[in-house]
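See below for the structure under consideration.
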């Protein structure tokens, strides 16, 4: 195939970037069309399907990211003494509010959770999962918060539209716990 | 005390606790037995107190809300004048709980997504210390727009606290004088009359409390709802 | 070859590690001999020799490191230099405060924005748009911040004097002192 020789270029770019790259971005750097990039990504993915390869391409945060295959999860965990991202249930609830209701102010989060959220919001800001997203046009111009691209990458979403919808019937009282 | 098998500390906040109580009894969220739930809720707060735990104010606010809803439920309904539907006093609570449950479900879904996503391992972007990222060209307008965001952040005027017009110390002297003029005893209600302003009532009341603390006066009441009398204690003088 | 199936494992490990891994370390994790690792690395290197691949293995610091092929150096540099840094709304607000009120301390910025500014100030320092500008002669001698020449270039000003005066209604900001 004509563009075949660019396969290595794309692999090198994805590797160096670490983070997801949009096809637009890759196309700009390689001075080619996004359609070409799509084809190259498909070719690379075919290569990666081989048992002998440890990597794969993830479609996430509106781009492509080179990552290890999930099969090697346990293996890699032995390697990395990475501080696993562990969020408290308070943090997860608050993150859920930001994710599903963004942009949202601190007091709106507090109204839903029924408790102060200052500590949790600061923790979430530190993790980089949420960020300030302007100010609300109301008294005191409170800061609005939204999720970041890191949120999408970390949770494996391609875009905010991909956030899973809520089950329709909430009145059925299924325990949230189990 | 009713039997509760709730582990203390388990709850993130009042809604979390309420949710637990409701789910535990498999109660219909749209038809909460408010009397029962309120009782359970308050029992839990009392248990927290027994364990010497600080009860966060959020929990107390919810307790007050529950009690208020309860009392409104118990009040006789005003005669229905119009066809307008009377709002259920529990509606606000239901809305909050439904919203909260939604968020909890969403948090749970996010947790599942995270668990799945963590199976993929990424690598850190390559670093090029010799290259500095270009900054998008910005204009003065961009800068002004940002200032605009800050602009109407309320500039808080310093709150003015009005000087107390009624001084507790003066009131104390005043009450002692009155007592001496009236054979060392007075009816409590004569000291706190509705003729005086609210701030004067507060000052008088505080003065009475302070005089009691200083053992200058005693207060007696023959039986519940009978008049309260204030007496001057002559064994103690010159404490002021 | 017998150990062939471990090729992907090694690739995944090298990828996730980022830094060089010794063959001892890889052998330990895969519970095999270092000789096996040597053979696996050789196999991987053969794979990487293909034109279609963007990566290669570097023998460095007593170990193996997965890196991009040197041929792609210029390409990858574009990844960084082409990237336009976008300032968040939080960063823009803080930058505006520094620009109009310089020299200014962190706590003065915090008083105006109503939130901690540590993260944002660090970001701005990294971009080179602001810099330290001495210390304030008050308790604790806090660091003062001002804008840089890069700030002028980015916003198209010739000098700080060219910064237009604050519009009247913006003078609220002026009144916030310490």
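In this document, chain identifiers A, B and C correspond to the written order of the chains, with residue numbering beginning at 1 in each.
FYI, contacts are C-beta pairs under 8 Å (C-beta built on N, C-alpha and C of every residue); 3 or more make two chains touch, one makes a residue touch a chain.
Fair warning: this is a prediction, and the values are worked out from it, not measured in the lab.
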| item | value |
| --- | --- |
| Central chain (distance from its CA mean to the mean of all protein CA atoms) | A |
| Most widely separated chain from chain A, with each centre as the mean of CA atoms | B |
| Approximate Å spacing (C-alpha centroids) for the pair chain A, chain B | 39 |
| Centre-of-Cα separation between chain C and chain B, whole angstrom | 45 |
| Length of the line joining the C-alpha centres of chain A and chain C, rounded to whole Å | 18 |
| Shared interface positions of chain C, touching two or more other chains | 12, 15-16, 68, 76, 82, 89, 114 |
| Interface hub residues of chain B, defined as touching at least two other chains | 121, 123-124, 126, 149-151, 153 |
| Chain A - residues contacting chain C, complex | 4-5, 7-17, 21, 28-30, 47, 50-55, 66, 68-69, 72, 75-76, 78-80, 122, 125-126, 131-135, 143 |
| Footprint of chain B on chain C - complex, ascending | 12, 15-16, 18, 68, 76-77, 80-87, 89, 92-93, 95-97, 99-100, 112-114, 127-129, 150, 154-157, 163-164, 166-167, 169-170, 172-173, 175 |
| Complex contact set, residues of chain B against chain C | 121, 123-124, 126, 128, 131-140, 142-147, 149-151, 153, 155 |
| Contacting residues of chain B [partner chain A, same complex] | 12-16, 19, 22-23, 26-30, 56, 58, 62, 96, 98-111, 113-114, 116-126, 149-154 |
